[in-house]
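Two complexes come next, and they have one chain in common, chain A, joined by chain B in the first and chain C in the second.
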Partner chain A sequence: MSQGLAGYVIRRLLWTVPVIVAISILVFLLLRLAPQDPIDSLLGQRYDEEIAQRLRAKYGYDRPLHIQYLKYVQNLFQGDLGVSTKHGDFSVAEVIIPKIRVSAGMGIMAIILVFGLGIPVGVYAALVRGSFLDPLIIGFWLLIDSIPVFVSAVVAPWLFALQLGWVDLTYEGVLHPNIILPVFVMSLPGVAGVARLMRASVIQVSNEEYVRTARAKGLRERTVVVSHVVRNALLPMITAIGLSLPGLFAGSLFVELLFGIPGIARESLQAVLGFDFDVVLGLVLFGSVLFVLANILIDIAYGFIDPRIRITAARGG
Partner chain B sequence: MSNRTLGLMMGAVALLIVAVAVVFVLVLSGGDGDDGGDTPARPASDSADRDDAADDRDAASDERDEPDDGDRTTGGICGENRLVTFGDDPATVFDPIQVGDASTAEYTAEIFGGLVTLNLDLEVVPDIAERWEITDGGRVYTFFLRNDVVFHNGRRVTAEDVKYSLERAADPANFSPTVLDYLGDIVGVRDKFNGRADDISGVQVVDEYTLRIELTEPISYFLQQLTYTVAYVVDREQIEDDPNNWTRRPNGTGPFRVKTFRPLEEIVLIPNDRYHLGPPRVDEVVFSLSGGSLSTRFQNDEIHVALVPAVELAGVLSGESELSEFYRPVPQLSFFYLGFNVNEPPFDDPLVRQAFAHAINREAINEVLFFDAALVADGILPPTLPGYSEAISTYPYDPERAAELLAQSRYADDMPRIVLTFSGGGGDPPDNLQAYQQQWREALGVEVEIEAIEWSAYLRELRRGTFQMYSAGWIADYPDPENFLGKLFSGSSRLNHTGYASERVDALLDEAATLGDQEARYRLYHEAEQIIIDDAPIIPTFWTISHYLVRECVQNWVDPGTIVPKYRYIEIDTSGE
Partner chain C sequence: MSTVVAPLETGDLGTRPAPRYRFLRELVRKKIAMAAILFITIFYLAGIFAPWVSTSDPNYQRLTIEDRLDTPSSEHWFGTDGAGRDLYSRVVHSARTTLLFTLVVVLTGSLVLGLTLGLLAGYRGGYIDTAIMRVGEVLSGVPTLLLMLAISAAFRTRLNDVAFWLQDNTFLGDDARPIVFFLIIVLAALPFAWIGSARIVRSQVLAIREQEYVLAAETIGASTGRLLLRHIFPGVLPIFLVGLSASMGGIAGAEIALSYLGLGVDPSTPSFGTLLQNAGGVRTFQEYPHMLLVSGIPIILFFFSWNLLGDALVDIVEPRTHRR
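Right, the complex of A and B next:
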């Protein structure tokens, strides 16, 4: 059985290679065929044909496309993602790794916040269903959910920094308390979804026979809820957490822009606007690998939960 | 298996919940610490990870923590002797010869220095050179260097360092985009740049502290050009030791050193205490590159300098906003204009160009769209530029005259399709362009199409001269009329994108370029400027004003409108007055 799983995982991993190669070729071509030119951006009004040619030669843009691509792949295998033209010859890794750290740090806090709030809210809403509290609680979180981030990211600083004076706004690193506000702004809209999922899950589990059995054998209600209902209702949350993992590194553009956080989303925007070839490629490749890996992880997790998927995959895959 | 897996999952979820609790506690306790309002905005202990090199600030700010224990108004951003301002992400490394954009130039000017520099009044003053003599009818400059100038690492600067720096700038292997524009008038720079010579023949070391520079033409604005970054002195030893990474912590001669540089995050400069023109008075200058809501941070007392956001401008100008007391308008050495391709129909007929100029009402646009916060450009040279003249005038708004001129033109009955191109993204064109469009339609009955094009493509097409009509701007590289009139309108300048060529203007520009008498020189430029405006290869539209917010505790804050080392003058009044 475990061998079947290992084979499945290996097959899935092998499949990622052509996917990543295809993505990289596509993005590479899109960038190179666009009517823009990083050297043009770099030199601006001082453009001089001779200097431009020297720079193109320096970055290898003067060679045929397929040679450029092969060179890129060759460097990639040596762990070299290229250099940023916009950030003055900083290596791509040097540019994007700090940004990934920032966005991932915030993403982890956001996931913890979303599930940490959403799960108890959902459980509570399920337990009080039928009373006015249930729609009130879920409605409240839906209300929060329906405020666009670009609104809350403007209103929240005004309220919590200027009016209440609770927080400061300057970005001082992921571990500085100033990060609280942006993290809340990017997480709170997600709570409603988790809460509703958890609520539905709890209600479903509550109708299971083993819950009735637990009650019938005279366990205290508290024990029934905590040990039997909630424990089992948490299962779908695993998938939800898994699904949210790739997004963890994606950052939140509005939050990063409006709070001035040097994260991956802002870097991506800057790289695209500044036409920074290698940085854009590096970011896309990073995102693709992450996305593919997360999907594999989710599939494996499903396999654990539902053996039917595993068997079909092993047979067909 | 399912039991074990289930257990694992339960464990994972439990861990998650514990983590939530821990983070909550951390977050809340951290937040409480911030609530008191008696801690400085950036407690030294929080920046442990950034203080890899210099700890002097921590020590210094610890001492200063004591008097900060008052209320927030006297503490906050004004409680520490450091300036927190904003900046743009540098477009290149801190290598003076690679700098082509204003934001990188601003940092570079603080880190490095050259033979001469500009003071806050935009006058050329000594830097590494103590004095200079101009001989041979303005063709030979002999610079006498100070003997107390040192690089940040303490090494003394000699004439050899200056020669090395200039030759490095002209070295074809370094492809400096600016060397020909600023130093191309030195004998031998072009030969070196084109690989025909190993050194610059026009730069000679006379002795340890004397340098002789020979020019091909006795140009009068050479010293102004020498103030630009490409002429700054760099440390040969450092560059040869670490050719790829020396720009991370460049060893310059300027008033500041780089403490940290994080792209898109911040640049921190610390003083060069041995700076020969007087060391900086602040302990640190922080440029926040993060963008974000600068004005909110300003209001929250977290940053000393910010720009007035567009939505607040009306309120700030009228004095109704609480930000009004911090407002500082600063005229910039720049102007916006509409350029014509004077070789393509219909703008090859000057009457059409003049009609277009008469037809736009810039005063109304300023009032309605810009809250009267811009300056209608009544000329090309901005008012704060040395050599500006009030006597110059542009085409006043006169729709009848505009219609008359158009009727007299070759294209009165047969107007071709007209496209106005600007550099920008999707969405609507800028309001002022739409306003011009409307005014041309009303006054002339001409329908102008507006087209957006991406910046690098815009620049490329500008060079190729394919635009019929375009919206553009120009920022001074050095404060001299030549930088506007010579660069944009001389028949031989590669930055002349209109195709305009006037023998009279070229003659005036050539004469002015080499004239020693400054006043007479300016008069020639004024004459050329008025001819250019009358010929209308461009319509000057607005001079720019930057709308700053500056905290009251920042002393000696100025923006001279161009790249001038200026942060060493700044003092922070920490007394809380």
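Right, the complex of A and C next:
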């Protein structure tokens, strides 16, 4: 079976390559075919044709498109993501790595929070289903999910910092307690999705025969719920991690903007607006590869935890 | 659930509702879902009839101290913004923008692209199936918002010239710019709008094509087109609609997010994104909370309604996780 799994993973990885190449070409063309380039945005009011020509020659923007792309790919394979024109010729890696650290830190905290809240909420909603509590709980989290981050990122600081004075709004690094409010604001909308998935999963597992057997042999309800139902219901949650990633990126964009956090999402917006070619491309590639790898890893983990999946995965991949 | 035992249905089969109405009946029974549908209807109706139900031109500015940043009053129901524009009229016209955007993206992306690709992938299978689904998988894996930003930013400056040309040379006149900018965000949303529905359609097709009535139709020599349209499509439809309802909020949210960032609709087009952007940060909210509240509450209720409706529909389709 493990050979089947390996084949499955390899096939998926192989499929990733053309699609990532396609995305990179697409984004590359998108940026290069825009009538604006980094030089325009760099010089701005002081635009001078001669200086612009020289700068374009320096960055290679005056060469044919396919040469530019091939050059980019060549550099990429040497670990060189290019330079940021907006950040005074710092390499893309120098620009984005510190920001990736910030965003990754916040992202991990957010994922822990989303699942730490969503799983118990979902289990509870499933256990009380049939009563008014179940729709009430799920409805509450659906309401939270309905609030756009750029609204909650204004109202929450107003309430907790200006009115109640519980927190400070300055950014002091990812490990400073001030990060709690922004992490909450970006995570809470995701709880509903996890809770709903967990609820459905718990209900499904509750109908399994081994749960009935456990009850029939006289186990305490607590034991049945914790070690028979919840343990097995947790399985689909692993895939939910992968599904929650794009949403977290979108949430983090507005949180980083409104809380002034120097993260990757804010940088990517600034790079897009400033036509910072290599930074945009680097970020898109980084994001795509990260998400694809995360999803493949999740699939593998799934196979290890639940051997039944492995067989179908190997067959169906 | 009441446990009244229904009398055995002897003979009178004609009054039994067809299975396809079961769906509707269950929906009507859910009060929360009906409330959600009611709000969504009001929201969309306000959007459709925006020019008639608004009390003022949404872009008309009253640049006097008395008229700027007014709190809600009988004259300006939702108050006015920093440029003295009537916020009620702006909210109603924003609903129009939301409606229009959702409609165009759903029709082109979810319906035409999603349904076609889903049917193709599910029915043809093999290499085409793998290709379509893998592309969808990776597209849904990339940071969607970032790619949408890039598409929107790249086309905005380029199409600015096109917009000016259209303005001068066609009947569109002043409408040219808003229309071009609107089309740009539709274009930015399309690459991602088809994935969800294609996936749902495909899985349904895979299940349905094994059904005996499809085999029967195949055996008597029905053409592929007839098979897909008459036998498979009707079976796919309910789940497709459920999936669609789950994505409606997200589609509307894409426009709002892009407009909030200044990469969405033309500034002359009212949108919840620009409204919320204008409502500003924490300090503005402290001073003039009405700006954020009057535009925030309708859109939160709109997302909430779609969320509740989606939840209720999933409940009906997935009876195993039923609320009762």
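Everything below uses one rule, namely that the second predicted complex is superposed on the first by the 288 of 317 C-alpha atoms of A that agree within 3 Å, B and C clash if a C-alpha of one lies under 4 Å from a C-alpha of the other, contacts with A are read in each partner's own complex, and residues count from 1 in each chain.
The definition used in the following text is that contacts are C-beta pairs under 8 Å (C-beta built on N, C-alpha and C of every residue); 3 or more make two chains touch, one makes a residue touch a chain.
Keep in mind it's a predicted model, so treat the numbers as computed, not measured.
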Chain B versus chain C as contact partner of A:L162, first or second or both or neither: both
First, second, both or neither for A:Q36, with chain B first and chain C second: both
First, second, both or neither for A:I180, with chain B first and chain C second: first
Which of chain B and chain C A:L142 touches, first, second, both or neither: second
First, second, both or neither for A:Q78, with chain B first and chain C second: neither
Touched partner set for A:L258, first chain B, second chain C, both or neither: both
First, second, both or neither for A:S288, with chain B first and chain C second: second
Partner chain(s) touched by A:L234 [first = chain B, second = chain C, both, neither]: first
Those residues of chain A which chain B touches in one complex and chain C touches in the other: 35-36, 154, 157-158, 161-162, 169, 258, 275
Partner chain B, residues of chain A touching it in the complex: 35-38, 40-48, 51, 54-55, 58, 86-90, 95, 98-99, 109, 112-113, 115-116, 119, 154, 157-158, 161-162, 165-173, 176-178, 180, 231, 234-235, 237-238, 241, 257-262, 266-267, 270, 275, 304-305
In the complex, chain B residues that touch chain A: 5-6, 9-10, 12-13, 16-17, 19-21, 23-24, 27, 30-31, 33-35, 37, 41-42, 46-47, 49-50, 72, 84, 89-95, 98, 100-101, 172, 175-178, 180-181, 244, 247, 262-265, 288-294, 296-297, 299-300, 302-303, 454-457, 459-460, 462-463, 494-495
Chain C-touching residues of chain A, taken from the complex the two chains share: 15-16, 19-20, 23, 27, 30-31, 33-36, 129-130, 134-135, 138-139, 142-143, 145-148, 150-151, 154-155, 157-158, 161-162, 169, 192, 196, 199-200, 203-204, 207, 245-246, 249-250, 253-254, 258, 265, 268-269, 272-273, 275, 280, 283-284, 287-288, 291-292, 295
Partner chain A, residues of chain C touching it in the complex: 32, 130, 134-135, 137-147, 149-151, 153-155, 157-158, 161, 249, 253, 256-257, 260-261, 263, 276-277, 279-282, 285-286, 292, 296, 299-304, 307-308, 311, 318, 320-321, 323-324
